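The same subunit A turns up in both complexes below, where it pairs with subunit B and then with subunit C.
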Partner chain A sequence: MPDIALQRSGLSRERRDALLGLLLIAPTVLVLGAVIVYPLLSAIALSFQSVYTPTLEGHWVGLANYRELLGSGGFWAALLTTAIWTVGTLTLQILIGVAMALLLHQNIIFRSLARSLVLFPYFLSTVVAVLVWRWLFNDLYGIVNHGLMAAGIIDAPVNWLGAMPNAMLSIMVVGAWKFFPFVVIAVLARLQTIPEALYEAARIDGAGPISRFFDVTLPQLREVLTIVILLRTVWDFKEFDLIYLMTGGGPVNGTRTLPLIVYQQAFGLNQMGMAAAYAVSMMLVMLVFMLAYLQRARKAAA
Partner chain B sequence: MKKRPAWIVSLVTWPIVLLIAFPLLWMLITSIKPAAELFSTSPTLLPKAITFEHYARVLQDTPFLQYFANSMILATSTTVVVISISVLGAYSLVRFAYPGRETLASLVLFTYLLPSVVLISPLYLMLVSIGLANTLASLVIAYTSFALPYALWLLRSFMAGIPQDLESAAMVDGASRMGAFIDVVLPQALPGIISTALFTFILAWNEYLYALVLVNSDEARPLTTGVMTMLISAFNIEWSLLMAASVLMSVPLIIIFAFFQRHLTSGFGAGGVKG
Partner chain C sequence: MGDLMDPGRPPLASSISRRTALGVLAGTGAAAILSGCGSSDNRTTLRWWSPQAAPDQLKSYKARIAAFEAANPTIRVVFEPTSDEGYPAQFAAAFAAKQLPNIVTHLPSFAAQNYYAEGLLEPVDDVIKVIGTTQFLNGTNDIYRTADNQHCALAIGNTAVDMLWYRKDLLQAAGIAAPPKTWDELRRACQAMQKPGLYGAALPYGMNAMTSLIFIGFIHRAGGQIFTPDLGVAIDSQPTYDPLEFYRSMREFCPAGASNFSWGESLTAFVSGATATGIYGGRVLANVAAQNPAIAGAISCTVYPTMSAAIPAWTFNDFPCLMIPKGAPHLAETKAFAAALYQPEFYIQQLHAAPGHVLPVLKSVPTDPRYQANTLIARYPAEIDLMTRTAATGHNLGQETAKHRPNLKANEIIASNAIAELVQRVVLNNEAPKPAVAATAKRLVELMRA
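Coming up: the complex of A and B.
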């Protein structure tokens, strides 16, 4: 008897371990299944149906939603708008982010206070950011118009959010302000690990500050910047709150990106099936960047 | 590197820092300016007189405190639920061997990038059908859809950094696997758990889209949609009121930021960038 018991526990040691592992992951799997996998599959199923949101009654329509979506100009226009928004705001985020990281890496006065002030917008609620910026951009009493008029740059108040292309430029600026700290934190962390010897060697070779940046700093930042750009592309592409609250997609759909159309279809036009078709199409476009990031992240983890 | 005199760089950097911080400063200034000064044709940078009437009105005449309480309950519950599940899950992903583990880890990372608008309609249908629409519980459930993958990914990279030797030593000394987890792993992972919890809290505190779709009564409305309701329902947009509400709404974040900034930046690197 003791022999068998010993043998059994000896045999099942690895097995028991695996079992405990599965037990620990079980809540995660259950919850992820319920709030992500099941809804994701339902979204795909919904996209082949026509569902009226208030009654939630629906029937299968096959590929009709996709045919309508690809045939209408709305999808392509929104895709273009989303691309313009993403490229515009991301470019600003990267340029300001890298520049700020380089400055905050220097030995400046009250450095930690400066860092805190620069990082804070990232942790702020988008609702607060939007309220503040809508007040700054207010056409009659906003400080932006007052300031620019006092400086003689403009003669009359500018309509920042109600006209194109101003509205698009304005949301790009707000997006840059809200999200550039992400770039700062990532780049700053990397800058601190670049060996001082590399700069010494460059200096001995007679490199000035500008060529030191391009020959030493930038190549060292390449990897972190690639990951940051991929992540931020995905996040900016799917941004809903900021654009919806700044302009609501207007003026006349001028800033209506894909996430806004999804919301509009589902809860404005009550076409839940159509909304799902937009959402799935949008996800397919994003998949390129998501997979590129996944591959990089897995490689970094390995 | 040759140490440049700090003041030259400072002279360049600080004006830019102040420019970046200006919108927040302006929010603060607007919230303490008398209403009359707001609509002056030549606004001054500093208020001529300071008033706290807008704060008093936000607290007394609007459902702000109700929203605040809702947000507090919502963000705290989400954090507790998500952290309890993800601490166990992340430990399992890091330390145990079983089939499907790698696939699961990839799936977690994938869900971390998934747009909320894809899940919103099915989640809405699901929560309506189980009768939870218009409750804080429905929001806690919806929030786990983005907070759980995030927390798992963050904790996973924190736990992967804990050396396995200590655990093995404890088990050689007779501790059970779970005993070693509680006595050895948890204390070591504590900084990571704190920063993950703070991030989860901030994410839940700031969430807007699910709250917009799933809740339309003041009893369950959190601050994000609540404060926007104040903007829409007001006949004349009262900016000083909204700025006061914005400041109050940011207070918990300022507190977290002031005391735990180190935790935030370290968690940020682990989850966001290092991958």
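Coming up: the complex of A and C.
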């Protein structure tokens, strides 16, 4: 009977299955199109226009925004600053995150409590975290300067956020503090799945704790660390609120990363087209990194 | 109840299937949404934005809103704070998203001129008429007059933003008889008063609007200007190099964190007693009274010193105003609420919430016994009087002098931080003033052209 019905409808079973498949995937495609493809195409289209933000009225300028952007030293300086920030804070996050995960993997007292508390910075609102850190760094009332002066390490308050390279180092430290729990979560989960037999074998072969870490633990963590580094690179590269609230991009342009320029162009100078050009350029830079990373990963796998 | 207590029944949690639990959750959610829809009132909502939102000011706004809502039961007014540093972004986003506030108060005059020129504001001449044109101090609303001979906003207050605040006790202890009138005197005074734990000044060096706005005043106090009266860029001149050198020389008398100072930090530095002088408006009075009353008897203010006695004083008044965005709904109700903000009883209440900071623009208020009844206004009559007179003759980048045309790009110039960056390059990076100023001049030309 079904065959007869199929024949009557004029559709083969394969064709019907294909149509059903398309129907089932359609909602996902529509949603992805609405939340990813449309905004992306809009941003690219905006980047070829001169648009006044409040009214969103503008006109086509072709590649003028990109010519201006690439011709100005501001873009390249901000790109370098963004790269320095990303590499610096990411390195700290990985080092602290792996160290903390190793510690929390041990049989220490109050381990469960410590595992919960270590996530605290990650859950804290960035605004609140920045307020707290700005007070800690404050030269008049901040505990950092008071502590260092009381310990006799410095004679006068240090300008943590208003001078370079202090400002960059400070935001790197705050970024590392805020985001290292993500590394802890991922690494700790992987640590718990490393077979104990590997460590036993290493011990029998006479490996000490350092050798066991480099020859057993680290190779086992490689995959998860690769994913963590990839994700955190993307997130740190486009980090806005923490840097904006900590330093506003200063002193001068010392901590002015690309996302801060996008914000200023879009909402300070009301030049949405130029802001979109910066945003698209950022995306292209990230794309280059991603492709390089994928190629390297493929080679490593081969 | 009895069934639940029956020991023969399985425990409640295990007796409910996942499907049932999901059904209950979905039902509860739907009920909550429906009840939420049902409980929303049908009143017309007016949204009011202002960057002036200190606790006492919020209290006065609430009182005004409550009285207005009582008199107009079909209207609901919602106050939403914005900030001096953040309003350009919030405004741009609100306009772009068509989620406009109905009424905006306490933004500077140049913001109003800028937005009006872009067709984003309603003219407010009829609101001025309802309040009474002659009720305002003479010429108060002139700065809001537009090219099409309307008013893009109306004054809600005056503020003498960059007064020199000083400690009489510290000046006396340093052997200085009178507050400084020139930059040399100021530097000497700061040097004499500075000691471990006490800095001489609280000047801002941050990458922000405050540094830009304050430094513009220094250029004028050296006899210079940012733009010519017909808005040609005039910053690249000796009266900009001189204040840069002076500003750099003052860095050693400011706290290390001054490189990041904005309004709040600069104010707190003086109020807390960390600096001997400050640069701010009348908010110092209320903050000292609340946070550091021990120095309340020792503080006073004067106009900020100029480079030489021959150069007249120049005070920054942001001319805080009331504006009505174009395109927001309920225009008639909005205008009625705007006019209601000027009813003397509530207007005075607003002024009392920031005594000496937001100064009156209505003629009848300065002599009104209700206005004078405020403790701080009664305690500091000379300071309030000086700030009132100074603010009335003040200027800002929107119109640097009476001869200047309104600068419709002032808002974007401040938001670009071009002038703050100039200060940072010379003071923090120790760059030579001339090339730094030349680069800033080029940037200003680009901004004016954009």
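In this text, the second predicted complex is superposed on the first by the 250 of 302 C-alpha atoms of A that agree within 3 Å, B and C clash if a C-alpha of one lies under 4 Å from a C-alpha of the other, contacts with A are read in each partner's own complex, and residues count from 1 in each chain.
By our rule, contacts are C-beta pairs under 8 Å (C-beta built on N, C-alpha and C of every residue); 3 or more make two chains touch, one makes a residue touch a chain.
All figures in this text were calculated on a predicted structure; none of them were measured in a lab.
J.: Quick one: is A:P251 in contact with subunit B, with subunit C, with both, or with neither? Answer first, second, both or neither.
T.: So A:P251 only meets subunit C here.
J.: Regarding the shared-chain residue A:N138, is it in contact with subunit B (first), subunit C (second), both, or neither?
T.: In the superposed model, A:N138 contacts both subunit B and subunit C.
J.: Applying the document's definition of touch, where does A:L294 land relative to subunit B and subunit C: first, second, both, or neither?
T.: Only subunit B; A:L294 stays clear of subunit C.
J.: Now for A:L231: first (subunit B), second (subunit C), both, or neither, which partner does it touch?
T.: Once the two structures are laid over each other on A, A:L231 reaches subunit B alone.
J.: Is A:L70 contacted by the first partner subunit B, the second partner subunit C, both or neither?
T.: neither
J.: Looking at the overlay, does A:A156 come into contact with subunit B only (first), subunit C only (second), both, or neither?
T.: second
J.: More residues of subunit A are touched by which chain, subunit B or subunit C?
T.: In the superposed model, B touches more residues of subunit A.
J.: Is A:P54 touching the first partner subunit B, the second partner subunit C, both, or neither of them?
T.: second
J.: Which partner does A:Y263 reach: the first (subunit B), the second (subunit C), both, or neither?
T.: Once the two structures are laid over each other on A, A:Y263 reaches both partners.
J.: Please write out, lowest number first, the residues of subunit A touched by both subunit B and subunit C across the two complexes.
T.: The overlap between the subunit B and subunit C interfaces on subunit A comprises residues 56, 138, 141, 263, 266-267, 272.
J.: Of all residues in subunit A, which touch subunit C in the complex?
T.: 52-56, 138-141, 156-159, 161-163, 247-253, 263-264, 266-272
J.: For subunit B, which residues count as touching subunit A in their complex?
T.: Spelled out, the residues of subunit B in touch with subunit A are 1-4, 6-7, 9-10, 12-14, 16-18, 20-21, 23-24, 26-27, 30, 38-39, 42-43, 84-86, 88-89, 91-93, 95-98, 101, 104, 106-111, 113-126, 128, 141-142, 144-145, 148-149, 152, 157, 160, 177-178, 202, 205-206, 208-209, 213, 223-224, 227-228, 231, 239, 242-243, 246, 249-250, 253, 256-257, 261, 264-265, 268-269, 272-275.
J.: For the complex, give me every residue of subunit A touching subunit B.
T.: 14, 17-18, 20-22, 24-25, 27-29, 31-32, 35-36, 38-40, 42-43, 46, 56, 100, 103-104, 106-110, 114, 116-121, 123-129, 131-133, 135-136, 138, 141, 143, 146, 177, 182, 185-186, 189, 196, 199, 203, 224, 227-228, 231, 234, 237-238, 240-241, 245, 259, 262-263, 266-267, 272, 275-276, 279-280, 282-283, 286, 290, 293-294, 296-298, 300-301
J.: Touching subunit A in the complex: which residues of subunit C?
T.: Residues 88-89, 91-93, 95-96, 115, 118-120, 205-208, 255-260, 269, 272, 274, 412, 415-417, 421, 424-425, 428-429, 447, 450 of subunit C touch subunit A in their complex.
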